[in-house]
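Would you mind keeping the following structure in view while I ask a few things?
Chain lettering (A, B, C, D, E, F, G and H) follows the sequence in which the chains are written, and residue indices restart at 1 in each chain.
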Amino acid sequence: MNQDDLRKLLEDVRQGRVNIEEATNKLTDLPYEDLAFARVDHQRELRVGFPEVILGQGKTAEQICKIAERILAHSHNLLISRTSEEVFHQVLTIAPEAEFNKEARMISVLRDRTERGAGGIAVISAGTSDIPVAEEAALTATAMGNQVTRIYDVGVAGIHRLFRAREEFAAARVIIVVAGMEGALPSVVGGLVAVPVIAVPTSIGYGASFGGVAALLGMLNSCASNVAVVNIDNGFGAGFVASLINRKEHR
Amino acid sequence: MNQDDLRKLLEDVRQGRVNIEEATNKLTDLPYEDLAFARVDHQRELRVGFPEVILGQGKTAEQICKIAERILAHSHNLLISRTSEEVFHQVLTIAPEAEFNKEARMISVLRDRTERGAGGIAVISAGTSDIPVAEEAALTATAMGNQVTRIYDVGVAGIHRLFRAREEFAAARVIIVVAGMEGALPSVVGGLVAVPVIAVPTSIGYGASFGGVAALLGMLNSCASNVAVVNIDNGFGAGFVASLINRKEHR
Amino acid sequence: MNQDDLRKLLEDVRQGRVNIEEATNKLTDLPYEDLAFARVDHQRELRVGFPEVILGQGKTAEQICKIAERILAHSHNLLISRTSEEVFHQVLTIAPEAEFNKEARMISVLRDRTERGAGGIAVISAGTSDIPVAEEAALTATAMGNQVTRIYDVGVAGIHRLFRAREEFAAARVIIVVAGMEGALPSVVGGLVAVPVIAVPTSIGYGASFGGVAALLGMLNSCASNVAVVNIDNGFGAGFVASLINRKEHR
Amino acid sequence: MNQDDLRKLLEDVRQGRVNIEEATNKLTDLPYEDLAFARVDHQRELRVGFPEVILGQGKTAEQICKIAERILAHSHNLLISRTSEEVFHQVLTIAPEAEFNKEARMISVLRDRTERGAGGIAVISAGTSDIPVAEEAALTATAMGNQVTRIYDVGVAGIHRLFRAREEFAAARVIIVVAGMEGALPSVVGGLVAVPVIAVPTSIGYGASFGGVAALLGMLNSCASNVAVVNIDNGFGAGFVASLINRKEHR
Amino acid sequence: MNQDDLRKLLEDVRQGRVNIEEATNKLTDLPYEDLAFARVDHQRELRVGFPEVILGQGKTAEQICKIAERILAHSHNLLISRTSEEVFHQVLTIAPEAEFNKEARMISVLRDRTERGAGGIAVISAGTSDIPVAEEAALTATAMGNQVTRIYDVGVAGIHRLFRAREEFAAARVIIVVAGMEGALPSVVGGLVAVPVIAVPTSIGYGASFGGVAALLGMLNSCASNVAVVNIDNGFGAGFVASLINRKEHR
Amino acid sequence: MNQDDLRKLLEDVRQGRVNIEEATNKLTDLPYEDLAFARVDHQRELRVGFPEVILGQGKTAEQICKIAERILAHSHNLLISRTSEEVFHQVLTIAPEAEFNKEARMISVLRDRTERGAGGIAVISAGTSDIPVAEEAALTATAMGNQVTRIYDVGVAGIHRLFRAREEFAAARVIIVVAGMEGALPSVVGGLVAVPVIAVPTSIGYGASFGGVAALLGMLNSCASNVAVVNIDNGFGAGFVASLINRKEHR
Amino acid sequence: MNQDDLRKLLEDVRQGRVNIEEATNKLTDLPYEDLAFARVDHQRELRVGFPEVILGQGKTAEQICKIAERILAHSHNLLISRTSEEVFHQVLTIAPEAEFNKEARMISVLRDRTERGAGGIAVISAGTSDIPVAEEAALTATAMGNQVTRIYDVGVAGIHRLFRAREEFAAARVIIVVAGMEGALPSVVGGLVAVPVIAVPTSIGYGASFGGVAALLGMLNSCASNVAVVNIDNGFGAGFVASLINRKEHR
Amino acid sequence: MNQDDLRKLLEDVRQGRVNIEEATNKLTDLPYEDLAFARVDHQRELRVGFPEVILGQGKTAEQICKIAERILAHSHNLLISRTSEEVFHQVLTIAPEAEFNKEARMISVLRDRTERGAGGIAVISAGTSDIPVAEEAALTATAMGNQVTRIYDVGVAGIHRLFRAREEFAAARVIIVVAGMEGALPSVVGGLVAVPVIAVPTSIGYGASFGGVAALLGMLNSCASNVAVVNIDNGFGAGFVASLINRKEHR
């Protein structure tokens, strides 16, 4: 029930076309209808620049395609994360403009490419093996209308590489830092800038890295105060939060 | 806004005392008001026999007393868990009929003692040291209008003790089993009955009991299919769930 | 040895047909025989509506079929959980009425479909990927004679979806909530109803979900007091406990 | 060495007042001096609105006072977190305008109260016991020049309380959500808004809450994509990151 | 009901003094009575040399004394573990011959000192700080009628100390090895002998010893095949198992 | 160098066939040679009834065969654990009398079948899926000269099955109990007997069983004092320790 | 920019060929250029004997070959760890003198074989299955110019084997000890020598070895004070650190 | 038994003063006597510059004093770690030249102050709160005859502080890095130098630092290959290993 429906119901009450008991019953159910309004609002919000996203992992190609079809009916842009080339070929049949990024395992449909960021977003990765997660973050931020700068392979054990790239990330409005192993890079980057740093631990490493737990703990315990953390390998989440932080107009 | 308020508003619309735009605005806010209705419903639900509960831990005596006062204004019964004798003395000043159970560290105000259970609730504990948690469960169930049978110190290493008490718990509609250390008792009890068993791990033990984790894992992995688990030392939660299970009329 | 056997033995003693030493020996063994009685009782209990269940995981098709055959000789209904289509084809040879649910990986033989629930059971799942576990719970509850309502894909990040479905679960006597990732749904549902909620964490998620541990901990620490928890992915256990809670007559 | 110093040195070289070898030596040390520039820049950055912060925990009153004195010589504002009333009395002797917030255990010296936020910051807490951490976040954000709205005690088990407060947080540019136990609140809040949510797990809970680990995992696995997380009980960090996100001009 | 009671009942049936229905009822209860036999058997077993034991931890002095009194009425020997000097003074009033070992925090009443071991028991400890747990094991084994050899402070980092003591433990029928930190001693001892080794991890250590977990894991993963493990700090359990292993006649 | 070699060397010294410096050098190496004696002693020890064992896991078929060949040159019996049929076929070429147990994944060469046990060993398993580990234990004990009684599928959720089998395990000198899931069976068995119980947790289970950790913790925290534990799935270790406990003559 | 470049720039300033503003800008960038100096120094350092290393794991054959090519352009030696025969064949096309060690999964190009160690390095391994990690350490140390002694299969359960090999490792300047399971070997070795011991836990084991965690904890808690630890299975790291310790001239 | 004793024994055999059987017996015991030789060697080793150390934690003042007295009878230097001022006053009575370092909680007796290091040792700490552990390391290294440079409070979030101090640690032969929280400092330092880095995690931090586990994991997963790790808070161990690495002559 939208506001027009509501006005119409009230008009009907005033006109006597609907009696009060009936209207009372209808409106007692309203909370859920009203929350449905909220949903529409939210969708509008998303439509003005933020793509709907499907987490591909754990869904069949059929399920993904059906959801994708429904979203693309109302939305310009779409991201499918943690997916495969096989799914991509099926998605192509419903969205021929879809693109597939093999490294990030991401399908994107970007019909609306309006720029929406107040500044730029830098995506920094520690090692070569962290790049797939970094790409997931970078693609998400791009799809959400941001200028993205990629600075890869600047891990803390060769800290001068990071310093040489400093100019590139110094101008960013928000920085995403992707690192596995000891996850120390966000602390170092965080200490060099005065903008929010979104840290993404990756599952890269072996032995006592415990599939990314060492990096995650390192980032949560960062001695730099401007670091917030997302889940292990959650490049998409980092790109999403960073995009919200960077939005020119937040409503 | 309750249903009477709503009817009055609609009447006002019909009478022209309130115009449609005004009513629309008011009703657009309704979800939250409506959810407030739900809250009133819920309170009614609780008032018909289930006490409001204050988790004493982490609250000052002053905070507890203020909340208690507000609850007792609208509610017959009240439980305060994980509290102290010192708090009890302060509560006495606002509820002279309050009682304190030292072992369970629980204050109860029970003005309404209607019986509400369809059957009985048995509370079984493995060791002597588990009794405080068992008492918390038993007191909660009692406060919620149930007949409670206590069967204590019947741990699995002397399984005959449990068997001798079998008649006592065989008749229960739901059984609460409280155990620390290896937490095996719920599995054994669960295998002997055809009613739901609510298992409560306790932090009793040492070394590799890890403050109740060993017992918790034992219960979660129970080979008896009729066992569900609550948090470590959560006697109150077990008593609460068991009472809901045992309710004569569930609505 | 049943009561008739016992009476006959005593008669034989009285008649001198059996001497006292012999009878003493026989009766000293009795506990186990007596517990065998209990087993017979238990089987009767189960026969009056609750299926015997075989956990398929870790058993060969041959083992499963032999056990199934033995159960079906004395029992109307049978469930085989965590099994495969391959096993199903073998089971068909001994129980042609068997059905296989691919999603839940469950085989069911339901010759007795008497309704045994006092009310309905609602099965709520957070995400699309949680559906297999939810289906395991729903099928179990159905097999045990309950009316089951399925409400899927209503996770907390779009809470209005849950609210819109509220009417569907508001009437249930017991609610099963299945969720992976942060496992927050049982707390929200628990806060909206006054019936027991059986929470099932799933292994759905990645990174710091640790194969369901995050969801499990979330549920054990639920701030809603009417939530009890079963093992990760244990849809069967949830369906079983919920069915016992919902039984019209518990003995 | 700042740019003026550098220019002066080069002028001296040109004028012959400093010979080349001498200048080479001075400039070879420059990296560190240059990094000192960066430090000066950073201090300037901080001076224009962001307080220096001392983590009180693990430092003696003497150590804290000495550091505070040095900071206040060059800086307008100062925060001391995780400290005590005893330290406060010592700090008063060097900064008579210092204030102490007992609940948040925080000392603040706020000589510069310029507003620097682009929008408002909402701080939402789940339970009464989470308030100290929420206050730490709120005070930090206030000290950094933000308008802060506090919405406390709106945990997910009584979700209508959150909804009723929705208008209060709907307008915020960034939201801090503080929760212990199952840590589900950030997911629910995140699903209702289109701004970044900084989640703070607290150590509130018992048993399987493991000192905040359950809440932490819940937040890291949030199914809402706009949630980033800081360390357990790290109210200061959340307030700091939120302030950076909300800054009118980020450089 | 013991066998004599049973014979008498059967005699009564034969004589017609008890009718069959009455006897049937009595015997239907028998399982539990029969299990009580088992209990009596067990007590007899224990009386012939093995003391009853009270775990003092988590019990009040009053509770301990009441249980002690009941045990000493039927039993010669008694051990109270994890207790205090204060409890000892109360126990003295009911058992003046009681002795207290401060280091092992153990009270013992040993009226029957018959030797029951087939061979000797050696108790080896790695460090000085492990001695309290080693003493708990040694006292338990002594109380159960064994000759005990103590070999303390022979940790693996000075392996020659162990070798020099080899003769002392070479003759034992079973060896208890107590170690904290890395818990390596049982593996080394196990490799030198052909008798069972009972390993006891202690909570001695710091940092990544995690209260004995490192030692526990070391012992569970021992490359010596003759090592079995008990709980962290469970000297009593080790002494008990070792005594059962060493018993001259095991029934 | 064995004692005979040593005596011969001393004789040579006495006869002047070897001068003192030469002998000194030879004997200075003696510690290691002497320890080799110990090794020879140990081998003798093993030869008198205990098989050498090769852990097959992590070794190539070639490595296993070479080691097997060397052992069989000096030893009558041999066990190869955690191996495969493929390895078995290679072993057959060097030991045609070798046998392969598929379930336990064990190869055994048993040329010496002397009985060496003082009593019997009972191997009890909780579930059908625990049988491979139980068989590993049983085969090991058999190979080491013991009479073994197998009692399988008597888990605690149907405790009467265990009781009915009580006579079978009541006579054992030592009992091995194998269980996955909650690992409660050793506690129950331990409470029924007065002999040592060696508990073997298995990795059977799912979700919060964590590959056997739940069972392991349950067993380490057993409230029965006669339980000692070996590593998860370590059937061989349990069989080995039990055999040492049961040895007629321990030296 | 090196010192010569700097002198030239200053000369240009003095000569008026470069104006001050220009020079200021150039020198403000200097820190990063200066750190580039450091990089060149570091490369020189490495060129004088220490190979560049590529961690093969998580990189494609193409990526590895490109990096290898770039390194070999400036460097004599190269190691590629955790790689495969397939990669080796590709590397051969750019470095025909490359060698592949199958066991250690390592490719090495060693054009410069200058000896650089002050003493020898001993690599000791506990079991046969630990040899691949031990070989990775040994090959790394060899590639870095050290004399390496291998002492394999001398685990603590047969401690005499270690002792017999004592002479071989007694002369080493630094010892690498590789062990899985309980990880006790470094403590024993550490107690026998007065040189640094680098301990490498391996993931060898099963059950409660938790993929090397048991060994790791054992080594971290070593009661020998001369033991330092690297990550699980990190043979390369151990070889690298040991080589640095053993370097004749450390700068 | 030393070589002279051995020669004498052989002479006695040759002369017929000792018969062969007697000599055989004596020499069969030799291994342990020989290992005693090793012990004497080891003591000599230690006497030439390395102090004996007593771990104070878990020992009474009396125990510490007795051990200290025995050590000082044969040794010049002595360290007592993790001790208290109270113990110090007792130690003064037996060693008036003893000194107490309050911050490191260490007592030292340094009669022999010979310099034994080949180069210097740098001790770097991340935060102010890490200083006690850093001091423990520094004092140990000093006591073992090394020149120690302290560089404190140079954590990675203000990386320029570290760089400014680079000259101070660039010359060291070995570097100890002490850090809590995320433990990233050793990686950064390791990347800047070509000498071994001994990393010491501290228990400084809160929340997800888990008493030093986050720092420990960060260090074990360091992407710098020249980092080895000791136990949490083990400043002594780090100082000890670093001293062995730095020894001029290692034998």
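Basically, a residue touches a chain if its C-beta (ideal position, glycine included) is under 8 Å from a C-beta of that chain, and two chains touch if they have at least 3 such contacts.
Fair warning: this is a prediction, and the values are worked out from it, not measured in the lab.
Chemist: Which other chains touch subunit E while also touching subunit H?
Modeler: Chains in contact with subunit E as well as subunit H: F, G.
Chemist: Comparing centres built from CA atoms, which chain ends up most distant from subunit A?
Modeler: E
Chemist: So which chain is farthest from subunit G, going by the mean of the CA atoms in each chain?
Modeler: Using the mean of the C-alpha atoms as each chain's centre, the farthest one from subunit G is B.
Chemist: How many degrees of rotation carry the C-alpha atoms of subunit C onto those of subunit H, rounded to the nearest 5?
Modeler: Between subunit C and subunit H, the superposition angle is 180 degrees.
Chemist: Give, as an integer number of Å, the spacing between the C-alpha centres of subunit F and subunit B.
Modeler: Here subunit B and subunit F have centroids separated by 50 Å.
Chemist: Whole-Å distance, subunit A centre to subunit B centre, using C-alpha means?
Modeler: Their C-alpha centroids are separated by 40 Å.
Chemist: Check each residue of subunit E and list the ones that touch at least two other chains.
Modeler: Within subunit E, the residues that touch at least two other chains are 31, 35, 38, 158-159, 192, 207-209, 213, 216, 220-221, 225, 231-232.
Chemist: Just spell out which pairs of chains touch, all of them.
Modeler: A-B, A-C, A-D, A-G, A-H, B-C, B-D, B-E, B-F, C-D, C-E, C-F, D-G, D-H, E-F, E-G, E-H, F-G, F-H, G-H
Chemist: Would you mind writing out the residues of subunit D in touch with subunit H in their complex?
Modeler: 31-32, 35-36, 38-39, 57-59, 63, 201, 203, 211-213, 216, 231-234
Chemist: For subunit E, which residues count as touching subunit G in their complex?
Modeler: For this pair, the touching residues of subunit E are 126-127, 155-159, 181-184, 187-188, 190-192, 205, 207-210, 213-215, 217-225.
Chemist: Inside the complex, what are the residues of subunit H that reach subunit F?
Modeler: Going by the criterion above, the answer is residues 3, 6-7, 10-11, 13-14, 16, 20-21, 23-24, 27-28, 30-31, 34-35.
Chemist: Under the touch definition given earlier, write down the residues of subunit C that touch subunit A in their complex.
Modeler: Per the stated touch rule, the residues are 128-129, 158-161, 163-164, 166, 204, 206-209.
Chemist: If you look only at subunit F, which of its residues touch subunit E in the complex?
Modeler: Subunit F reaches subunit E through residues 38, 42, 45-46, 50, 53, 118-119, 171, 173-174, 192, 194-196, 198, 216, 220-221, 225-232, 236-238, 240-241, 244-245, 250-251.
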